[in-house]
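Two complexes, one shared chain (chain A), two partners (chain B, chain C).
After this line comes the complex of A and B, so read on.
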């Protein structure tokens, strides 16, 4: 009897239901719109749809034209079919950048999520000056990236910078955080996590705020441990928000140009060159518009696929 | 019950939708209409200028343009500052949409890039006018010729962005070593400077810092090498280049080049000079002014002599170009001739730190009172070659060389020290071959 109660309690908790709640879920009635109303909605939406197509569609189509031609930013040039895509995919630099982008994205998404989740949970507890901490923790996200990258360069850029000097004083040698290819890659990823965790913290805080506190009380009464509460209640109930934040952060990471470019420029020796940095450098430094835009296209396709997969996960978690 | 959308008092749904459609159409039509007009149809010659120095420079240049009084039926001119950030994109977009300038300064090889795309108006008539008013003979030797192509003059130079060796005298005194005059003495001085904690060959190749790239090319040219041969064809793997890269790697392995130089931004490098950490290294003209050093200890060194007796450096002749998209080509030419004649105002006000292209300006007391300037004019300018060395004529491919990924990767590979000369040069050659259009 007691076991059954615990199971049903946790099962109800996973659904975000307080004890004694209705348990039937919200009514999911599909309101039937009349044909006339649907037509009205269509005509009301049409101007926005047309504008969206023009604003997003035109550049996309033009980029497609550039990716299949050998021109410049001024001239379209000759049609070369998929040659630009073929040359890009065949280049070692592309795959090196793709590997770094993948690593940068994985660390950026899950690193910032882990830190953000941890801090969101910490801020949920009653700590003195919690509001002030919340504001201070938002600063990395709020401060312009130009300012924070300059600050980070000041912290790690030269052997005499603050952090290398600290290592030296501790007898740990003088690490060259931006000059050593491996350390530079790690530094850029840590910088990305530092810049991004406030966003994750806010998303998670918002999700946690929507979880009824009595759910935890019920779970606690049912004998659930802290870890069980976290893994069986907190994570499932914030899953929807988590997946959305992962999608957004994946897009932010893959498209992130300033974080990398301002700190390392993609170096040393391409160690921190991501696909977006490679695309920029190909178009604006090597003046090869077609291959550069082709890289951007391949990035877009990858992002769409990843986003769709994660979006399906959201729908799945909603159904559950 | 009636839907609130279906009827409204005095305002029908059909009318509302019509209004919404009209509201959406107006900006679209306005946007479409913009493409048919040209920005230069306003009756002025648009002059775009870059922030070549402190903001006071652009203010002074604007005053020159505003004070320009055209003769005859020529048009007046207007001035606009364009930021360096994404400047090529800014120019390209404007030119493509016919909203670009009629006359501009810009990147060192920008004129050749846009000439390749048929956007540049040749400056032969300007050169003729300069011959008539005597300014042609006032050019320093060899600065105008690189702009002459088979079709005409692509642009007119107005200042020389020099690459020279600087040193801090107090550090050399402290190290007890003479200022280098050749490669062996550079190695010796570098070791002595390192012993006192100073940098013996200060450069940087981090984000946005091109001085490291320039130093690599400079050492090749200093050894009688270069990226191109005399016919203007790629010639990266020549023996002189190999020797120069081997020497740079020796500087790296001896710690004479800062091990973190590979990631040094311009700010990092400037701080090294400012903080009396850099003892010797390559920089542009006007180093003390650029970093705000007033000690008088920063001095221009003698040009280095390479192991085969060669003595050379590099320079970038910055230029003013004219575009085909102009309300009046005659007006563009008249304005450019007038502006070139007034350039001396900028040096008289000490607003420009680079070298002027006119001898008369180098003789101005405001310029000649600085012994560093005099030394650059007398000892460095005559031996300086452009980026096309060992060739001489500039071309669009040099823009790819100067700002491209190949040279940056090449320099960074050297500065990390994890390569040998031939491998680094081979990768550089391969990179250039894939990006420089034949």
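After this line comes the complex of A and C, so read on.
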């Protein structure tokens, strides 16, 4: 970055020429931005700050207000303290949704990571038409969820759909992929992995491309097996990227709404209701704004804590 | 997965054949038999996996071009597309989606580029604090802000309104877009700007005339990101849009699907219309979009 500036005469001249006026020969231009530069930076940042306050900051604070009031979508209502939180935490539905969200996230993150990693490793080797496969395999991620969920519905939606019919013809019975609670949960997770693995594949491919090939040559000369090369070179050298992709995918999974809602609507009998789906339903179908926002708020607080911790962790690992 | 396993015996015979032809022919390349076999085995494996993975997309396309049960046409037909556009508000939904998405792309790049520049070049406490704030905001579930925004926008007349939708999309793409731009600006040497400062350019002038001019790949990848997010969104649309003439395509497809559960060919024709723009964007601009860039921008801050 900027620290690579060479010590040429020009560079020394630049140090005295801080943007927006002479910097009085300050040794480090970066630490002493002139007042005018700072003003410019402020104006460049302003639209972003305004949007952040309006679209992200204000709603978050107002959500705090709603979570502690018994209002509706029209009025704020009366202050009820932590009553909403208490009723949410006491409800069976909340914990059921929390358990499903946890399972959905774990399967979504590690399932898509495993598939993405496997395909990235496979595509790294020389394969005829490898580039074409790389693009084709991104399609599940590029195609809108509304479209792919419709297609999945056609494939597994009713007992007479293509895949249940195939099972029946093979004499394996007729699995009710979206009507049986356990199977529906599995189907939603498989769908999530199907949607997300291309993202993981791209992340992993980028990380693999940055690993120096000569490391493997050296390792195979020393007699390292394929597995040893994978577990002791590939995994450690791509660890930071893996870590980041897990964090992003965790956020994507916890916050996910359409993947679940469009395939099952949260059913059957709430078997696939995640916290986001529960919050949406509580507010917009049961019209209980307070408890609904309280659910979303509990989720938010958990995510903020987790993401700040993880952010620190990434910074630490990128400094090392 | 099972299909992949099934194809293994096939692949062995296939590569046996290719192996012999290569062996008898002029094998100028120094590729060992085992290496060659491994290559074709992997090819068959990836072919099988790709075929299985793409089944849902293929059925969508096949059904969209198949005659509906009530139709007299046979074989390949565009009839479903005609029906969908004449009998539903598909063209309105398509133009609503295009307007919202393109406005989102333009505005979020216009907001994120300058902010990303400050994040990239400014090294003060305030700037890195802002960077952390963006990270935290990005990870917040939209569902939390959707309810308060609904109430706020109801007061401003922005519910059931494409402009309201666009504002929210810009707000929710802006955080990641800002990082992506910052990561790209990091790769532009500061000496370029310094040279323009010597020539008497202001900071703002050098940003627009020097930095932005050299940032097309960064801008395009940010634009693709914003495009995909706005085009595919369902949650914000389902909360904010009420009347069918204001629907964007996700809402249109979904409502049409719910009303015509059995009319699969028409539903799939509409689905094809919806998935075409992102696929076109991706196919033409694929090289500019590196997800690694998003991850890298995260790690670097």
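Please note the rule applied: the second predicted complex is superposed on the first by the 251 of 320 C-alpha atoms of A that agree within 3 Å, B and C clash if a C-alpha of one lies under 4 Å from a C-alpha of the other, contacts with A are read in each partner's own complex, and residues count from 1 in each chain.
Please note the rule applied: a residue touches a chain if its C-beta (ideal position, glycine included) is under 8 Å from a C-beta of that chain, and two chains touch if they have at least 3 such contacts.
Remember, it's a predicted structure, so these values are computed and weren't measured experimentally.
J.: Once the shared chain is lined up, is A:178 touching chain B (first), chain C (second), both, or neither of them?
T.: A:178 contacts chain B only, not chain C.
J.: Touch test for A:287: chain B only (first), chain C only (second), both, or neither?
T.: In the superposition, A:287 touches chain B alone.
J.: Examine A:270 and indicate which partner it touches, taking first as chain B and second as chain C; both and neither are also allowed.
T.: Only chain B is touched by A:270; chain C is not.
J.: I'd like to know which partner A:86 touches here: chain B for first, chain C for second, both or neither.
T.: neither
J.: Regarding the shared-chain residue A:314, is it in contact with chain B (first), chain C (second), both, or neither?
T.: Touch partner of A:314: chain C, not chain B.
J.: Is A:159 contacted by the first partner chain B, the second partner chain C, both or neither?
T.: first
J.: Report for A:37: first if it touches chain B alone, second if chain C alone, otherwise both or neither.
T.: After superposing on A, A:37 lies in contact with both chain B and chain C.
J.: Decide which partner touches more residues of chain A, taking chain B and chain C as the two options.
T.: Larger number of chain A residues touched: C.
J.: Check chain A for residues that touch chain B in one structure and chain C in the other, and list them.
T.: Chain A residues touching both partners: 36-37, 40, 43-44, 47-48, 51, 54, 73-74, 150, 153, 261-262, 284.
J.: Which residues of chain C touch chain A once you look at their complex with the stated criterion?
T.: 38-40, 42-43, 45-47, 49-50, 53-57, 59-60, 63, 110-112, 114-115, 117-118, 121-124, 127, 130, 132-152, 154, 167-168, 170-172, 174-175, 178, 186, 189-191, 193-194, 197-198, 202-204, 206-207, 228, 231-232, 234-235, 239, 249-250, 253-254, 257, 264, 267-268, 271, 274-275, 278-279, 282-283, 286, 290-292, 294-296, 298-301
J.: Using the touch rule from the top, collect the residues of chain B that touch chain A in their complex.
T.: Touching chain A from chain B are residues 3, 5-6, 13, 17, 20-21, 23-24, 28, 86, 88-89, 92-93, 95-96, 113-114, 117, 119, 205-208, 258-265, 267-268, 271-272, 277, 399-400, 403-406, 408-409, 412-413, 415-416, 435.
J.: Which stretch or stretches of chain A touch chain B in the complex?
T.: Residues 34, 36-37, 40, 43-44, 46-48, 50-51, 54, 72-75, 93, 150, 153, 157-160, 176, 178-179, 181, 184, 261-270, 281-282, 284-288.
J.: Looking at the complex, which residues from chain A come into contact with chain C?
T.: Per the stated touch rule, the residues are 1-2, 4-5, 13-14, 17, 19-20, 30-31, 33, 36-37, 40-41, 43-45, 47-49, 51-52, 54-60, 62-63, 66, 73-74, 119, 122-123, 125-130, 133, 135-140, 142-148, 150-155, 162, 194, 199, 202-203, 205-207, 240-241, 244-245, 247-248, 251, 254-255, 257-258, 261-262, 276, 279-280, 283-284, 289, 292-293, 296-297, 299-300, 303-304, 307-308, 311, 314-315, 318.
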